[in-house]
Structures are given as C-alpha cells and as structure tokens.
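One structure, as structure tokens, below. Some questions next.
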C-alpha cells in the first residue's frame, strides 16, 4: 500500500496547524538517533537556546524546549508560575482560549474568564475594570491571553494589555499563548513585558509536532521559585539544573526535532524574521480580500483583530461549513480547518501560516472557490483569486537570493 | 546554508521535466545501497520488468531499465535495431525531435528528416509519399517519431502512423520517443505496433532522472541480432543474457531508483493508468483554457495535436518569453519552461505532467497571470484561473480512496 | 558543514536509549505534516491502538500514545491512578528508579522507598513484609517498580511481585516502568496483572524520542475516575473522550511518529515479538560472555537479574569509566552509556536493545576491547569477541525471510 | 510489507560496491526535482566541476559527470579518444579488466590483451617489450589499465606505467579505470600523466549508482577532436559546448546525485583526502591481517599489489566460496562479494572501501569468522578480529572533530 487515502499530487495543507514543513527541515530530520549525552547534542542545544530567543524577541528570557505539544506548553507556563487558588484573568474569545481556561481551572486556579463574542478580541475594557478594582490588593496573579485565537482568526493587541498593566502598575504576570502567532505575527516579548510566551513546533516554525517552546521572563523565573503548583515533567527547575551543568536535558530530547529546529531557524533567519512577518501579513491580506470577493464575511469582526495566520470565513446559514471541509479533502486534496464549538458548521478556516508562499495560497483559494460552488454557494469562480492576486501582484517582493 | 537560492514555501515546478516527485517515491528512495547480487534485487527487478510493461501497454515487449537519461534511451533504441547507413524517416517538429535527428545522423544513419512548421505535428502525407516511393525495395528501415514534442506541446498521432505503415505493408520499424508521453498520454505499444518505445524516469513516471526505460517488440529484438551499430553500454544483448541467468543486471543499477520505480508504479496502478491519462487530459484542457482566456495563442496550431503534458504559450512580439520564465522564478518561486531554438523568446512552456493535481495547476496559472502582468502584458488577473476552474469544477472526480 | 562532530563511517550507538532506528522507520517518518482531523489520521490511530496492545501482551488494557517522554509517561501513570498522600511502595535499585521515586514524592505521594544495593534487584522480601503489615487496612495504594533498571542492568521479576500481591490478596495497583524492557524482554501485562505499564518510543521500539506509551488495565481506568492528582496534559479522561468520538486526539499528535510506529510495529510483528525477545536474550548473553572474558564484573550481581537490554560493566578502581565512554566516542565513533550517580566512574554501559543484530554487537564489543586497552586495562584483544561469537555462532537462527 | 527480505538490525554491506552511503549524503539526496535550467543547478554544477578535480588530483583535467555507470564511463573514455582499429594495450588481470577489454574489442579497437595470472598485477615487463617494439611507429594509441582490479584485490602501479611510457617517450594515451580506487587509494592524475581517469559514484565516493565521472587531460581532450569512434550520449563535445554556455548539461542530470555529490565531497574534504586514503590503508591492512590469522591466503599474490579497497580471500578446495557469501547474507545480514569467473567458488571478497570505519570492519570480520566456522572451515573464532584490532588499536587516530 502506498499510503492511507492516497490522492494524486500534493496535499494542500491549509489547516492552521500542523502546517507545511519546508523540505530542508524534513531533510534535516531524516536521521538516526544519537546519544544525547555525547558532546554533540549539548553543543547543538546551547546554540539553539540562544537562537530560539530571537523568535520571541527577547534577550532576557529563558527558553525551554519541552518534548510536548502546545497543551503541555500551556501547562508548563501555568504550573511553574502560579499556585493553586491563584486568581487569573483569562480571556475567552474562542475554542482555544476556552480550552486553556478549562486547563487553568482543572489545574486549580481561580479563573476569571472574560468572555467576548466569538469573532471579537479580548475585552480590554473589562480587563481595565478588573485591574482597577484589584488595587491595591493585587489578588490577580496573572493575566492569561491567547495572542491569536486560532478558532476565529482573531489577533489580540498585546501591547494594549501591557499598557493597561503598566497604567495600573499591576504586578500580574502576563502569560501569552503564542501558538499560532510566534514566528508569523509581530511578537515582542521584552518590549511588551510578556512573562511567559509559548509556541509549538508544528505551527509557524513549520516543523512536526512534538516540541513545546516556553520562554520565561526573569520575573516568571522568580515566580517559579515559589509557585506551589505540582509539577515534575514540566518543571523548569530540572531544566535549569541541567542548563547549569551544560548537559541541558533532564530527560531524552528528540534528536530529530533538535536538528529540525536548527534548520527551521536557519530558514527563518535567512528570510529575516521581519520579512516572515511581512509575508504572513501579505498572505493574510490576500486571503481576506478573497473572502470578501466571495461575498462571505470574516468571523473576525473588526480589522484591528484580523489575523494574519488564520482566516475563519462564515458560510451562509443554508450551508454546512463541515461539508466544505470534507468536500475540499475528498475532491481537491485540500485540507481546511473545521469550525469548532460555537462556530461549528458556521465557519471554515484557512490557515495561512508557516512556510508558505503566494502561489500555494492562490491554489488553495482557487480550490475553495470550486468547493463553495460544489456545495451550492453562488461564487463567481476566479473572483477571490483575482482579488488576492491583484494585491499580491503589487506587494510580493523578489526573492532576495534570486535577484 | 539552508539551500541554494532559497525562497519561502514550496517551489512550483512546472517545467516539462524533471517533474514533481510524489512524497511516497521520495520516501522509498531514501535508502542505503544494497548488494545487487543478493537475492533481493533480482526478485525486485523481476517484478518490475513485468509491471513496467503495463505502462507501455504491451504484453509482448521486452523492457530494459537502463541507468541513463532519455538521450541514452534514444541511443539504445537506435543502435540496437539499426546498422550504419540505414535509412530512417524522422519527423522534425521541434527541438527534441531535432536533437534526436541530430543523434541519428551522428550515429551514422541516413536520415530523411521530414520537417513541419514548429507548432504542427508530423507531416503524415509526406510519410505516405515516402512509403509509397519506397515500395517494393523497402530501403526505409525505420520510422522514428516523437510522440509528444516537448518544445512545442504537440502530440503526434501514432495510430495514424501505424495505419500508414500497414496500408503500405511497409516493414519499417516504428521507433517512438515517448519521453513526455508514456504514463501521461494514451499510449498503446502493442495495439499501435510500436517496435521500440522509450521514456525517462524524470518525466511522467515522476521520479528523479537516471533511468531510461526502453521497450522492444519481438521484431525489434529480432532486428537487434543483426544490427551492426557499435554499442556496448546500451547493448540489449548483455541485458538479455543476465535476464536469462536471473541476475538481471550486466552492471550496477541504482538501488534507489529501483525502489523508487516500485513505488511510482504502485501509485500509478492505484490511481489506474487510464485515470492518470484522464487526469492529464483534464489538466491539459484546463491549461489551454487559461491560455486562451489570457488572449495568448497556443504554439500548437491545431486541436488534433494538443498536448496534455505540456503547453507552449506564445507571447506577443514585444515580450521576451525568457523574461517570463526568469521573473516567475525570481518572484514567485515558479519554474516554467523556456522557449527553445526557433521559438526561443517567443514561447514559455507550462509542463503539466506527472504527479500533479488541480490545485497545484491553478496555483501555477495564477502565478503565470501575475508574471504576465509584471512583464507588461495586459492580462486580466483571475481570467485564466477562472476559465480553468470552471472546467475543472465540472470534470474533476472525487478521490476514490476518500469517498 | 556536514554535521556536528563528523567522523567517517557509521556511528555505533550502544547507549541504552535512544537506540538505533531501522531504516524503514526513518523512511516512514520522512514525511510532511497532515491534518490530524482528516479521516486518515483517526483511521491510522485506531489500528495502532489495537496493535500496540500486542507489545504489552494485553487484550484488556487501554493504551495512550502521549506526545511526551518516559518521564511524562511515568507522570501519566501516577497522576491518573493515585491521589495526593496515597501510599506507594517503590523499589530503589538504581538511577532510574531513583528518579521515578523523586517524581512520586514531588507529585505528593507518600513513598515508601525500598532500597537495594545498586546491582541487585527489588527486595521482594521487604515487599512481602510491607504487604503483610498492611493487612487488612490496605493503605498501600500502589506498588511501583522498574522492570529493567537501565543504570545497573538489572531486571526485576514481575511475576514474583504479582505472586506476592496475590498471595496477600492485596489490592494495590501494580505500576510498571517498562521503558527499557517492553518490546525487548518478556513482558506480560495481563498475565502478570500489571495495572499500568509504560514505555517510550526511543527504547526497544527503536523510534525517535517523543511518544510515551502508557497502557492501563481496567482496574487502573477505574482508579482514574476517582484519582485526585491534578493533571490535564496527561489526563486519560481527555483521551478517552476523543476515543469515544472516534477522533482520538485531544491535541495534536506527531504525524511522523504515528507513521513511524506503524512501521516499527510492522517490523516487530514480521520478526515475531517472541523472536525479538529471543534476539535480545542472545545479544545480552553474548555481551555478558564478553564482559566475563575481559575479566570485568557485571554490575548486576546475580544471574536471575541479568538484563538482556543493557549490561553495566564494572571497571577496576584505577580506571575512570567516564574516560572509557569519552574515548570510545572520540576514537572509534562508539557511543556507550556512562555510569550514573552511585556508579558514576565505576561502570560503563553497553545498551543492546532495539533494532540490532549480532555483527553490530560484535563490532561494538571489539571496539570496547580496544578502548579498554587504550585506557590502560590489560585486555586481551579478541577475547570478548571470541567468547561472544562462540555463543552467537551456536544460537543465531537463519533470517527467516532469506531461507 | 516492510521491505524485501527483512532482517533485524543493520545490513552489513561489504561488497566492493555499491558501498555504504553516509547518512548526510542520503539526507542531501532526500529531495524534490528541480528545473536544471534555473540558475541554481548551473551554479551548483560549476563548483562541483571544480571540486571534483581534487579527487583526481588534477588541476589541468576536465571532468564530465555523466548519468551512467562505470561501464558507461569506460565507454566514454574510449570512444572520445580513440578511433576504430586503433591499437590498445590492455592488461587482463581479473574479471573487471576482462570486461573492459571485451568492451574495447566490441567498440572496434585492436586490443593487445596482456594477461597475468589472476592474483597478479599488470605485466609491466610485457608492456615494456611492446613499447620498445612499437618505436618509432607508435602504433599503440593507448594503454588501458585498471588501477585496482576489484575481482582479485590487486592494485596496479600506475607510476611505473607512466615511467615506462616516459622512458620510451611513447605518446600512447594512458587510460585508467579508477572505479575502485579513486577517493580511496593514492591517485595522482597529473603527476602520473593519466590521460583519462574515471570512477563511479557508488564506489569510494559512497553515493548511489548513477554518476560516472570521467576526467580528461588536455591531451585526451585534444585527441577527442579527431577520434572517430561513433558516440553521442557519451560525447564530450556536447558537454564542452554546454560548459561554454554556462548551462553545463546537454541533457537532464539527476538533481539528487548532484546534491549528493556536493555532500560526499564535503565529507571527503572535511576528513581530508589524504586521511581518507590512510583510512583505507588502515582498513585494508587490518583485513589482510585477519585473513592471514584465519590461515587463508590472499588472492593477491604479492604485497606490492595489495589492494586497500578490496581483499579476495581464497578458501580451501573443499569449500565453496559462494556458500560463504550466501550463508553470510542468510544468517548474519552480511553482504560479501562473490568470486567471479576464474575465481568463482574459490574466493570471497571483502570490500573495505568508501565511508567505513574500524568497528564496522571488525563487525564484518567477526561475522566472516562465524560464517567460515559454519561452512566447515576450522577457524579460531576471534583470531582474525584480534589480529585486526591489534593493528587498528595502534594506528587509528582520534577523530579530529572530537578532540
């Protein structure tokens, strides 16, 4: 058997994760195991720990590359900085923030979930009220926020959150899920005073799943010394001990993911992180123009929250968005994202993050058009592609290495 | 360094060879060398030799999987069947038929090159005249024809050539270059009485370059016993001797290509060879509709010759088609085919053969539109994609494994 | 740069994990990401969950394939079955049992650590005393035991542990770390009444690190309903919910590891699990004969505990075993295991588990001989290899697929 | 199915080609096709053509990297430099020189085959007689010699051949098959006045089969202008034309092999070509010591001809060497070389060329010992390994990157 559910040609992977892996990364990971206690792996790790800080835009943070997923990275962020019963203000704006909040509650924190309508960003006015009311007691120990809500295609304004905390001189830790933002959206850990930021390897880093990267500010590290949440696997302390010894790993890392990360970072640095962010903005804008041309609305309700990594398009009530996704896969070898929970059946999602370029996206958009037609939506074939291409044609730079 | 001339995202490879390799084939080739004299390699080879006949649609032919390119496969076809000075009627309709004719002459044959305007198919009326004049002497020992001229996107009518030979009861061998046709276009070695057919691994088989596959009819094998052309590396005799011994290889084969071919054939058989041909027809038609929508003409002058594996689009005189190709690569990571020789600067080529699907093609077509705009051609963005999508939307089947 | 610390030829990987990955597994993992919500991944997962039970020899267990390491698998086993303060009898016989006990304590259990001299197996007499004293109260909620202590090369007798629990009709859960045993040593989850068994992908399964496989008996699943340990990432409940839905994954799995596991199991089943165990016994015996021939003693003090997956050889006091390991790597491209903690500097370890054969081991043993000579130990070159080969020459079967 | 004839653990590949591919080369070749007419491939090729000269130790030679095997490389060397009927002195010392002579005859040259007993080197006294007799006419157009006869493990003295040509001021071209020598044995194209030297990718370069590398001296290039042998695929002229144009390829190269060669050369240069040669000498010496310790004789009759890339060991008359090879493969996953033609059944061959290190060889030698015992030869297990290890232990350097 060749493969499960084989179809001719390339699979067009446009879910918002896991995303397309660049060939050089696949190549780098095509390798044997190695003894992680030999000098080679610590040498590699040391440099990675330095380089990975760059994608967080931090010089003061301490990164942990944990063999886990985003869910595990969440848990690491929370249990290392907080104690059971600690009050956390958390924003509920979609399925992934909901899941994080669920985790926060199950881990025993006192979560104040600030809900927005799905399609809107974090309710910062509500945050400000809470910060104001919390003075001078400062019972709120942390503000937890998803930078980019993958379920609705909504990007929160982290600088504004930091500004509010500063304005109220509030010492709460700022914990940020950057799973679908870091390495794709503008993210500035140090400048925005983020205390813990985290991402997963299978998102904008464009690697396989399996590495949760958590970066802790000096304040977060300090907090970890007194945080009483029970933790072992996710405990930063063990990592820090092995960092000190120069062997780096409290338990066995994936050799393949380390070499994969090396190459993934090399590619990002070769393109330039800011250019990567620009490329995501370009692809996000093009997608939104296509959605608009199709006459569909964006689940994200305001431009200020538009996400450059994922777009959730709302289908008319007579159409089941799950059928859009199923059909895309069955007929065009195109993987789109389902609507989740409250927006199940109502939106389908186009992930446009990671190692992706203009023509890949245009192929996807063209496929979406055909799918929409197939499921009975009166789309004008070519309309979205034309709108997207008109924009891309004016904004795509020459590939620097080829000039 | 990550790679030469790195650009983000996937390279869109639309030259008419080498073509996109399916991931399962890359995977199958990701392997160590093996002793080709151990029992494993002959066992694998034996089955491959049987299975490869299916892509030629022959049951009586004898295939040779030679470590060479298409150029070597040509040489193998000629030197094994002909003697120096033998008269060969050969059709000159583009760069690749020209190169083959050049080879025929350098190998010492007496070539009667029947030229057509580039963009037209083989001049069969001229063939008929020659066949008629050649009776009853039968000095013409072979008719050599390129099934699909890759330079102009012209497919010749092999059934008609056979019909002429039969009509005139002419015993000339029919030698066919199927490099850009076999496994993509309808090809029937036995039914059409083809005496030698050949292809290369990097074309519709969707593998790396390095295996020239030559298939000989019983008449061709018989001819090889008396053919006096000097040959050693390409000599079928050595292969036949090792076939008889059951060890199959007169010299070292590429282990990797053998396993790659195994998987390539598995994929083709899983899709069904006839479905593969239909898919190529679908993608070829879609491409031609796009070219038409752009207001460009097809280098191929008549529908009867339209190629389903490559389309050469003619640009207006004020545009240099080489600039189209350069620009596509520099800005959009899109590889198109250059115009060659007589049509250099005048056409660019879109290869749509091998392991390819609808959305890949639509991404390419969208890219071509942007490139055309960039080089100053007044294309309406989305026009070609819309035309292609309208057709594909009506003709693309569900993926059988996913229904 | 070709690679970190390149040396010509193959690296001889003889640490007791991560181990050598077979080429077919590397090949299977050489692939793109996929949408794990498409029908393909659940279909693959469903079969894997059935097949993975076979390596535990269970039909009633429920497996969880968690994106984590062995340390995480430990945590999953403990937190899902126990509540803070629960009494656990745990055997301390080497570094890995020590680390697990440390984890048990940090997770809040009341651990009764039964220590043996390093090089001895679990003190079952002490267990029996505790079980006897615990009647009828049954305050002991779990017995936690490492099947194979990787630091000392000691294999515990699980059947004897089960027999004691049965003899005393004690309901304590039997939690087993099978990290360096499962798929290599005789392991019988159902027959031995193991309640939770666990392993990691990078050990005898011969895959990269990144999948912790935990298998829960019906009693363990029942216990998980009332266990009050805090857990989210490791919570079986979330897995069970997605099992019920048929989507299987509460969060993103590694696509690559799933396909890798598919192939790893295929290879194990093709060889036959019992033959795999026999092969490990053969290689373990050969190693011990070599160690004996060199005049070194085995850290494992009695034959009843001899491990077939790792051998810790004791060096004379005048030699630093760490130097043995360093030198092997620097001169012969050979990776051996260091002595850990109490036996640091005193033992070096030869891992002989996973996808390994006789000649690989003999190459390693020959290398160890040269290293011993280099560090000043008066070894007779060839002596260990001769002893091992004499045994292997009498016990190695023909390769079934090649007869 | 996992693979043809699967056996657990690594296959021990000790045929004298194809040889073990280093993992970094496999990795580099794990890639998609590319347009070979884009700027990337010529840029890569240009550097490769410069770098590949280093393995020939030439600064004045012109290399051709032909998509073919060693047999094709032979044909390229001959047909580009000679005309039908040209007199060639050729040395017959084993199966591969025999095959080359067969090719020379079939290509129409007037071959004077100077035969030695198999196991002896080229008969240089006979060469001198011929050179003397040929004065002043100089009818001998070329001397063709296999540097290393792979069938018997005999290395010829090329410097001596050159000295004879110089002594007699004979203008014959010196054509050298370096298939099993270049990149492994001391080879000096310029210093020894070699006119055409050639090798194949699957030998000491440690790549897959598929690239025949032919290097032509200025005299050889000059000769190619007037050589009248018929050739097209192998014609240097076409290559030279494309070299001049800077596009380099008259027909499609294997993209994968180009990147593979890049990495293969990187590894060789990192180790240092002279160190590579020393390593081969070390492994060759160790093998010969083992053969001697087993009480077997070397097919190569004198030390001056000992080959550092392959050793042919002679078995006693009561043993069939083919059974040694079959049994090694069936029981120990060890691939050895068969005896060929005159020495079929009489010798088995151990290939010790390419990317190989000490412990790999010792594993092989240990396997050969067990096989010898199995087939009834009274070998003392460990004897050969001990002899080899004693030598290696004194001669193996530390790995420079690890000091």
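Each chain carries a letter (A, B, C and D) given by its place in the written order, and its residues are counted from 1.
In the analysis below, a contact is a pair of C-beta atoms (placed from the backbone, for glycine too) under 8 Å apart; a residue touches a chain by one contact, two chains touch by 3 or more.
Computed from a predicted structure; not experimentally measured.
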item	value
Most distant chain from subunit D, judged by the mean position of its C-alpha atoms	A
Winner on C-beta contact pairs when A-B is weighed against A-D	A-B
Rounded Å distance, subunit A centre to subunit C centre (Cα mean)	34
Centre-to-centre distance between subunit B and subunit A (centres being mean Cα positions), rounded to whole Å	44
Geometric centre distance via CA averages, subunit D-subunit A, whole Å	53
Residue list for subunit A, restricted to those that touch at least two other chains	4-5, 20, 23, 26, 30-32, 39, 329, 402
Residues of subunit C that touch subunit D when the two form their complex	1-10, 12, 20, 22-24, 30, 263, 266-267, 270-271, 276, 279, 329-334, 355-364, 366-367, 369-370, 373-374, 380-383, 385-387, 389-390, 392-393, 396-399, 401-403
Subunit B residues within the subunit C interface of the complex	23, 26-28, 30-32, 39, 402
Complex contact set, residues of subunit C against subunit A	4-5, 11, 13, 15, 17-21, 26, 29-40, 43-44, 67-72, 74-75, 84, 103, 106-108, 200, 202, 208-210, 229-235, 250-257, 329, 335, 337-338
